[in-house]
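Just dropping this structure here.
To keep things simple, chains are lettered A, B, C and D as they appear, and every chain counts its residues starting from 1.
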């Protein structure tokens, strides 16, 4: 609702952002599409030739591709589940009256500030290392064999590291949402005879749905392109056990310097990301309208 | 200054026409109230005059010049919003000064006008407070202050009292009326409350679904409503409407009779009914009477009149004050 | 919370909350502690918690090997620069989306967000070639531009949700009061949205500070921020836990301190108007 | 577009101009290895002699470094004036014309003093394209005390069977002593460097003369089986993520009985400051299987100048300084002879002071001389390179195969699966690249 004047002003003010993002998307993307139809190895310049869909064929039939697809979904899903369940639990806990709430909140929020590279290095070397790591020490102290996290549960280990980084984010949003819950509603439900569990399911959770939606949306955006954590800890291995799509594309284009193959992979990743985006927007768009 | 003429203006949002072709003339110095049920287009009409919305077709002229394409700031109008729309990050003084600053007025003149407005509105002691530290009535006055310093051609009020409690509302109503007496500037006032319309207006414009149902002075509307809608909308409690055989007796499709124009008797009358609720207000008593054959009727009687729930009473209309309407709801003269 | 809670219960909840808080914080604490150990002590078994010979030799070593002040300044300039530039572009965009919504506003917003889902590795080579041609490799300006672009969708979205909470009538009042578009945005909207803008700024400084792909791949020496600094300690020959810890502490400390000091603002920023 | 480009370039030019441009600045990309870091600390010696040259260091972890410099040189990004590159890259890049030939490094540079095996790997068409900073082969490092305790003696040139016997004898898992530590972390420069070299001694090879991958052969099967056998029975936990550095710290903290890895490690494990077992380390040649090849590799980290650099003269000056005989003496003066970068110059191995200080010197030299990149395998092969195949595709397939073997070590797939996958991955890449139809 506005005048033609303000509408054209609005278009003018929106345009820098749209044009920049469009440029940022289209220029490299069209180059990538172009490269994806070439046989183009960075180490052999001057040998580029048109090869049709060969790069796509190789990328999509690569046994690593399906592993990577699965791992990507597991990684995103796993981290989302851990952070949301953990975030709700922590939120409920911190919503209680406690001494030193401010300090606890500072402790809980801290991992969010840590660079992904640093957190991966610290977890890998100082905690998960089966010989010198702290977990190995604890295991030995109670008489257990140290567990080799990155070799025997590589994907889970990465999920844990990433979840550690994102738990503060989820906790804070959910905590704030909990704090805005009308206390009278809960009391009314209690008067109506709802148990704690019922109050949680019928009152608290619906109230949190919007906050959970935001957590899912934002985290998915970042989790789809988790990269540094894998590069630092497992290099995608052993085998393809912790290779996600992003890492697979990286391996193609920057380990093998197969720019053609990497570009095809990049385009496939873009398509997949858009499928996820559409799903997400459908699911979430409604929840955000209100 | 302050003569506003609307010629054949229409407004559509997409395919929906919210204002069909409409003509209206507002004279200089008039206090005009747009009244109607919510969604009748009265706020949209005000926003069209303000320039916050474009007209789809037609022409708006202010003081004889065509203002249809003129941006809001240049129309020389001031507006008071329902939510007051004060700038929360500015002090009262800065709020009031803002339009003057935007007009790049001489600072000394700015000072003078703000001081004058503050004095008129009793805001002098609050000039350095933020809107958040003021009561609802004070905020309302700041919003008005911000409007008057500009010395506009006309004031536009968009339901300005709806966020105030009942007592304050009566006060502010008086203050705005007084302000109008002092300034003698055109004022256009939008409300859904017919009491505000009746008490403040020189001229009432009754709107329904974007149509102007009737334009006239408060008493004109009260006494000679042009149609059933206006008759039902103006006046409190609402007019009683009777259809069917009883209306036929008066050569009409529908007859309307105001609660204050019914006489009540415990012994005889035209219609017999049973009292369902009696509201004793002290000076007056409103009775809701279930009359056989048609709906409940409202009757206004003297406060001393003693009846209670379940009593049987007889009602008779004052034939002089009877309103008759045809099948289309138009008044039969 | 008008209810009275017994002190026993409060003590119990406090104990649980503190335990969990410390557990979550522990990796960071451990890193900081390790940075003050000698390399041998850093891998000693059993590990020493507080009672070891505190030493700053790792910090001395890190500072003699790397130009920490340069990397630090680069991180500051790049993260703040890109955030400010982003705000400059995003404020008008968010204004127009929030106050003059069109049919496709929601779609544009979602499209903007979806550009963030593209894997950056897929477009590194094209961007590298473009940067080379524009002479932007290893320049702060180049990184500011890239980080602005990758964070722009988030900035626009956050501002949009904040602006939506500002009643449109206030902007209309400004328009009636004779404010032009510029005055409206500068004198009315921006000051009213200061808390929202501040938290958007904070969150984006953090995201830019920690961005490790573009900052590492588009820089060499002059513009390399702390993410590149860390890359030189990640797995050298010999024992390195203590030096890695010192370097890590140096890399995360500034943003950790900033985050803690501005915690309240940030929490609002993180909630994205999600909680309304 | 051009306007935009110019505006941006103008803006960058302004920022660049802001820094004092009196001295010539060299941007040097290096790997974060000990010898390189030592060089960084000693550069005052160079800059005081060359006040008009300033040095800027980009120190990165090996994998990141390789990716950064390769991207930069292949796209002609021009971010570095001097790059640290390996023996693998040098010939490939030189053939592409990406490197400046290192002629005129000064009269006293004495290129003929460089070890022939190392120099040969860096020479293309008779010209040197990269100057070796340090060179290495691989050898067995073992704990003399543990061998003695086990009642065994390590021959100077052991066989794989003797290695296995020793590993079994030394393993004492209760006390966290593991008989043997080997690389397990996936990567063509990590586990595959070791495994390719080991495979050479088993008579295995990457490709036959038709570039057909050979992982389906018996020789590779024997190699991988023995490797897994050794590691599963006598290796440390978490071996599948152990690379050079991880094993080094394990060995230094006394957790390994033997370690077969780069000869440069010798100076670290015998350095009493870092190593808890410094005085107990013995050295032996890499093992063999009696087929005429030993399982040792050949590698050097080298300094090279990308073609198109505007600062070739200054860069040459620096390279001449960093890889000179004088630099070796400089390190010896400051840090002792044991810490000089090894494996590049014949004269070093004729220097009695060095031989006295470095008990591993003789074995290092012998190992380096025993490696022959031109003829790495028992059978004839179409490629050059001991623990790598000097073709551009190798980084990709080497790492992919390394992932499979690492997965086999982690126990998530079987030996047969690993070999089949390796064969498949290699075949696909070679087909795509057009080596085989």
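Before moving on, here are some points about what is shown:
Please note the rule applied: contacts are C-beta pairs under 8 Å (C-beta built on N, C-alpha and C of every residue); 3 or more make two chains touch, one makes a residue touch a chain.
Chain-to-protein mapping (UniProt): A = Sugar ABC transporter permease; B = ABC transporter ATP-binding protein; C = Carbohydrate ABC transporter permease; D = Sugar ABC transporter substrate-binding protein.
None of these values were measured; they are calculated from a predicted model.
Inter-chain contacts peak for the pair A-C.
Separation between the centroids of chain A and chain C, computed from CA atoms only, is 16 Å.
Chain B has its Cα centroid 56 Å from the Cα centroid of chain A.
With centres set at the average Cα position, the gap from chain B to chain C is 53 Å.
One finds 37 Å separating the Cα centroids of chain C and chain D. Residue numbers of chain A whose C-beta contacts span two or more other chains: 2, 42, 132, 254. Contact with two or more other chains is made by residues 71, 75, 249, 253 of chain D. In chain B, 52, 71-72 are the positions where the chain touches two or more neighbouring chains simultaneously.
Two chains count as a pair here when they touch; such pairs are A-B, A-C, A-D, B-C, C-D. Contact residues of chain B toward chain A in the complex are 13, 51-54, 71-72.
Of all residues in chain C, only 39-40, 43, 64-66, 124-125, 128-129, 131-142, 216-217, 220-222, 224, 228, 231-240 touch chain D in the complex they form. Taken together, the chain A residues at the contact with chain C in this complex read 2, 6-7, 9-11, 13-14, 16-18, 20-21, 24-25, 27-29, 31-32, 35, 42, 90, 93-94, 96-101, 103-119, 121-123, 125-127, 132, 134, 137, 140-141, 164, 167-169, 172-173, 176-177, 179-180, 183, 210-211, 213-215, 217-218, 220-222, 224-225, 227-228, 232, 245-246, 249-250, 253-254, 259, 262-263, 265-267, 269-270, 273-274, 276-277, 281, 285. Listing the residues of chain A that touch chain B in their complex gives 1-5. Contact residues on chain D toward chain C in their complex (touch as defined above): 4-5, 8-9, 11-13, 15-16, 27, 29, 32-34, 37, 40-41, 56-62, 64, 68, 71-72, 75-80, 243-245, 248-249, 252-253, 264-265, 268, 274, 276.
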